[in-house]
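What follows is a group of structures, each given as structure tokens.
Two complexes follow with chain A in common, the first pairing it with chain B and the second with chain C.
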Partner chain A sequence: MSYLLPLGPFHPALRSPQRIVLRADGDIIQDIEHRDGYSTRNIADRIRRFDLARSYTLINRICGVHSHHHALAWTMALEALAGLSVPPRAQVLRTVAAELERAASHLQTTAVVFDLLGLGQVQRQLFALREWVLAAMQHLTGHRLVVDFARPGGIQVDLTDEERAAMLRLVRKPAAMLYRLIDRTITRRAFTRRVVGVGTLLQPAAETLGVSGPVGRASGIKRDLRTDAPYASYAEVKVAQVTQTGGDTYARIMLLLLETFDSLQLVQRLLEQLPAGAWQGQVVEALPPGTSSVTVEAPAGPIRHTLVSDGTRLTTLQLEALGAPHRLVLRALLAGQLVENAAVIVASVGACMTCAED
Partner chain B sequence: MAVLLLGLCLGLLLVALAIWALSGRVRTFSLGLLATLGLVTLLGLPAAQLSGHLPPQTGFVWGTLNDTALELRFASDSLPTFFSSIWLLCAIIISGGLASTFGRTTRAFGLVFAGLLILVLGGLLTIFSATPIGVWLGLGTTWMGGTIMQQTTTAHNREATLSGLPILVLALAVLVYAATPTLAGAQVLGGPWLAGCALLIGLAPRWGTTTTAPLLVRAPTTALGLPLLSGYLFVRYATETAPTWSQQTTAAVLLVGVSGLLLGAVNAVAARRLMEAFSGQLVAQLALLAVTFGTGQPAAGPIAIGLLAHTAVTSTSIALAAGQLERVTRDDRFATLPPLPQPLRRAGIAYGLAAMSCAGLPPLLGYALRRVVLLLAPAQPWLPPVLLAGSTLLALSYLPTLVAFFRRPAFRSPLAAVEQRGGGWPLLLMTGLLLGGLVPDNIWQWILGDPSVTGPQAPPLAAIISTAVTTLIVLLAFGLVNRALRHPRPGVQFGGGEPLDEEPGWTLPFVALRAMLWPLVVPEPGPLHALWQWLARQRERFSAPWHLLERRYYLALVVVSLITVLLLAAQ
Partner chain C sequence: MPRTVRVFHLCAGDCGACAAEVWAAVEGTPELAWAATPQAADVVVLTGSVPTTSRGALLATYTTLIQGRLPVVVVGRCAIDGYPFGKGGIAAQPNIEARRKVDGCPPIVDTVAEALLEAARQPRIIAT
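So, the complex of A and B:
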């Protein structure tokens, strides 16, 4: 018997409001309908009417989870237009903030999946690790989530030596704990039997549907802007290219956990070799005419900010979240799957549309 | 013949419905193969005509409307047979390419292939119909198939709305039907028809919109859909009526053709997106049809048929190749197309060959066709230089996309790799163009069908080879000069973000050319710009009611339409 089953607009598996209607026959999902647009705030339109000083506040609030990456892309685009250079210390600290945000985002995604799988103990451990990471972020920026850290030509606040030492201690511990957690979890039967071969998206389909970011890397698409077109300080540190080929929920979870581990390692290395020198950014109030476009690798996939200035104000701002899982990806992931696995599959792709719906 | 065609069409419709019904249960790859098989079966139609099993024309009265008999009449002479063969071949290649790109495990995308089959069904009705009502029905069905494909492959529901373009096509078709009982009698509509085609196929602002539907999916709707069918209808109409045209009509057609060629080429050069460039190039290609008939020569018919087939093949190849580029880069703007970790060699070569043929470079079929068009115009001494200028601009417009297939980043990623799957499909089509370029005389004989009729004088093989060598030397020299003038691009270091957008990767002459030509396309303010604005407003006005047909509601429309068609056919 065919029936419809709604998932959302609000559901623990969804990181932002969206509506997924599952069309199921028995316990097999036949097709889905997906409706987005619940988070549209017209930020790109509103920013054009703001002066630049006020725009930073709004840019940092496009997405609560990926706030720093939006600010980073925006700031880099402004710097490209204004011809500003960034001192090495500020570049390194921006990269540290980006990796901490990546770790926190990945830990949140995996924790939700384990919660939906009924593995509450692992979920609590992952959330505890996330708290350590957010505490480190608070040491660096003064905020846990909406960090408001990047400024054209530098950063908002510097890190003292004492804070750096405290941050290193804060980051080393979750890295070691995460390693043990991954080691214990990947062979747990209660975990593997619900995720191996579930929600598979193989590489050809992923390429066709334009999947990028961690979901694409879990399907074998070896692309990561941090290594393909390095920005900030990524060319100075070795970023481990984590990829999986399975394309299933297991591959996605493993990829997120391994990338989290690598992010924490990166943060340690960057803090240990933090250069001294200038760091302070400035509020740019006037821009020369021109266009600039910057793409950064956010935790959920690439984010692109394109700015056009006529010399007096911004005439165009285009925000694109290339990694946001859209309805084609969700259809490919969910069709043919068991209804009981739908929430787990959706959670494993970190279905956040906030970045895409400016 | 009518029974055979209707039987095949109904069979195709049933296959489409079956694919639709099985979409969630059967793998998309299998459904794609089934659709491809169905399309291969349709090749039996032109084969039956070639073997003499079909009468040249047949038809039946379908019903009555306001006491007027609605007659569906089908013609199976050499033009529809030849064009339908090429058209079906392109559709088969697209269907096979699409099936392979979805992978072996994906489900629930069967509607893409159902849409493709419906599009083909509409195309066949348009191609074989000898009465305007059939053409109207065919164009509507083609639009419906294309819409289903686009609806199924848009990533966000806010993009899944219908464009105003098909509405304009249908309005034009209704206008033709209302004004004339037969195609041949539509002489008074020749001018508006041409202008309408030029507007519809490229100048309408539809092309300026962004959509996340992969270009690979848009290929059948653009390369094989309404624009190409409009070109075919024009060729059919002009073949029947050109001998009776007055001198003024012929001159007007020539003027429209030359304007379309130049405008399309300039538009393509000034384009900032892949799709804009593609539409400009398509306009220029189709405008050559009008140029051919505008010369007023008796040989214009066969040449136009050759040009039409050439446009179908090259557009399909370009759409398939550019689709792969768009899919890999996730971008369609020239300014921001990122470098590829690995060059897309097969797709790039196919794109390059198609571009060469479109620009009229040897040894491809496009060269032979362009040469005979030039030979046709002894009475218009101004035409060859204008055509050469248009072809040069057209050739330049292909360069940005071509470079993007092979551009490598300054920083080489240790692990990054690009999936090369699907690049071989357009290459398959290019083999035909290469063969056609080397033995053009045999192609003329095949088009004409009758060995006793002499076709246009194609250039000899020695001339083709010598011109090819000369062109190669010129291109190499041009490339060397460009290399010397190339911007010194800053390395990818962390000096405050990516470098300022300077149309990266393109050479100085190209940027300068674009800057010089852009005011010609969109003067501020000017009549063309005003027309563009007006079209944009019309599109908004037309598309608003269609928001009601989002998602599942448009499926209801499709079902109702299909039931209506079946009931009328049964009547």
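So, the complex of A and C:
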């Protein structure tokens, strides 16, 4: 018997509103319909009417969970147009904020998946780890989320020695706790029997569908802008190229946990060798004419900001989230799967549509 | 008052920060838990500036399942009046009645948790 089962637009497995209608036959999903666009706020259009000083209010709110990455891409695009250079201290602190944001985002995604799997104990541990990471972020930027940190030519606030020591304490403990958690969970049967071989997207299909970001890396696509085209301080630190080949929900969860561990290690290393010197950025008053395009590796996949200036104001601003899942990716993941696994598969993709729906 | 307050989240065009802080409030407060549907909820939390793209889905859910049954807690500045995404929020939706409004962009987690508990503590709305 064939029937339709709607998931969303408001559902606990979805990070932002979207509607997925499952067309199922018995227990098996045959096809899906996907509708998104619920979070469209026309930010790219509004920013062109703002002056550059006020633009950060909106840029930071394209996606509140990945706000620093959007501000970083925007700031780097402004710097490329204005010809500004960034001192090493500011570059390192920008990278620290980016890695803390990645860790917090991945921990949230994995915590939601473990909650849906009914493994509340693991979910609570991941939630506690995320709170530690956000506390470290608060020491650095003053905010847990929507961190208004990057500015052209530098950053908004500096880090004192006391705060640096507090951050190191806050990051060291979760790194050790996460290592133990991964070690315990990796072979736990209650976890593996629900995720191994579930929602598989193998490398050829992932390549064809243009999947990028953590979902692509879980399918064996070795693509990460932090190592392929290093920006900020990524050229000076060794980023572990985490990839999995399974392409299933297990591979996606393990990739997110391992990347979180690597992010926390990176934060430690960067803070331990934090250079002294200039840090302060300033608001750019006027932009020379030209075009600049910057892509950064956000937690859910690459995001690209493209600006065109005519010398007096921005004429075009294009915001693209290259890692946002689209209908074909979701259909490849869900078709042929059991209905009961749909929420877990969708949650494991992270499905952050707010980055894409500016 | 129920022992555990069950929360249903309506997310209509927000940036995700308020949604993440509501998530942190529910996960970090033992008296709060998630509800998968509005029918199973004690309180509804609304985030987001309610842009035209999500207005239809939001109002359909609100009028059929929530209005007159459950208290609504509005979380975040954009859900109150739309700032900084332009005019919007519940200020532009006279149909939606808010029991509590929590300002902030995003608000503090403890304030969100306290508002959710307090909204559920008040006498239940009886459907007419």
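Throughout what follows, the second predicted complex is superposed on the first by the 358 of 358 C-alpha atoms of A that agree within 3 Å, B and C clash if a C-alpha of one lies under 4 Å from a C-alpha of the other, contacts with A are read in each partner's own complex, and residues count from 1 in each chain.
The criterion applied here is as follows: a contact is a pair of C-beta atoms (placed from the backbone, for glycine too) under 8 Å apart; a residue touches a chain by one contact, two chains touch by 3 or more.
All of these numbers come straight from a predicted model, not from anything done at the bench.
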Looking at the overlay, what does A:Arg124 touch: chain B (first), chain C (second), both, or neither?
-> second
After superposition on the shared chain, which partner residues are touched by A:Lys222: those of chain B (first), chain C (second), both, or neither?
-> first
Considering only touches as defined above, state whether A:Gly37 meets chain B (first), chain C (second), both or neither.
-> both
Using the superposition on chain A described above, determine whether A:Ile62 touches chain B (first), chain C (second), both, or neither.
-> second
Please work out whether A:Ala135 is in contact with chain B alone, chain C alone, both, or neither, and reply first, second, both or neither.
-> neither
Who does A:Leu145 touch here: chain B (first), chain C (second), both, or neither?
-> second
If you stack the two complexes on chain A, which partner ends up touching A:Thr354: first (chain B), second (chain C), both, or neither?
-> second
With both structures superposed, pick whichever of chain B and chain C touches the larger number of chain A residues.
-> B
List the residues of chain A that touch chain B in one complex and chain C in the other.
-> 37
Chain B partner contacts - residues on chain A that touch it in the complex = 23, 25, 29-37, 75-77, 79-81, 83-86, 91, 153, 200-205, 207-210, 212, 221-224, 227-236, 241, 243, 290-295, 302, 304, 306, 322, 326-329, 331-332, 335-336, 356
Footprint of chain C on chain A - complex, ascending = 9-12, 15-17, 19, 37-43, 46, 57-58, 61-67, 108, 111, 123-124, 127, 130-131, 144-146, 352, 354
Parts of chain B lying in touch with chain A, wherever the complex brings them together | 23-25, 100-109, 153, 155-158, 212, 214, 216, 327-328, 330, 335-336, 338-339, 341, 409, 411, 413-417, 419, 421, 492-501, 551-552
Which positions of chain C touch chain A when the two form their complex?
-> 8-21, 23-24, 27-28, 34, 36, 48-49, 51, 53-54, 57, 61, 78, 84-86, 105-106
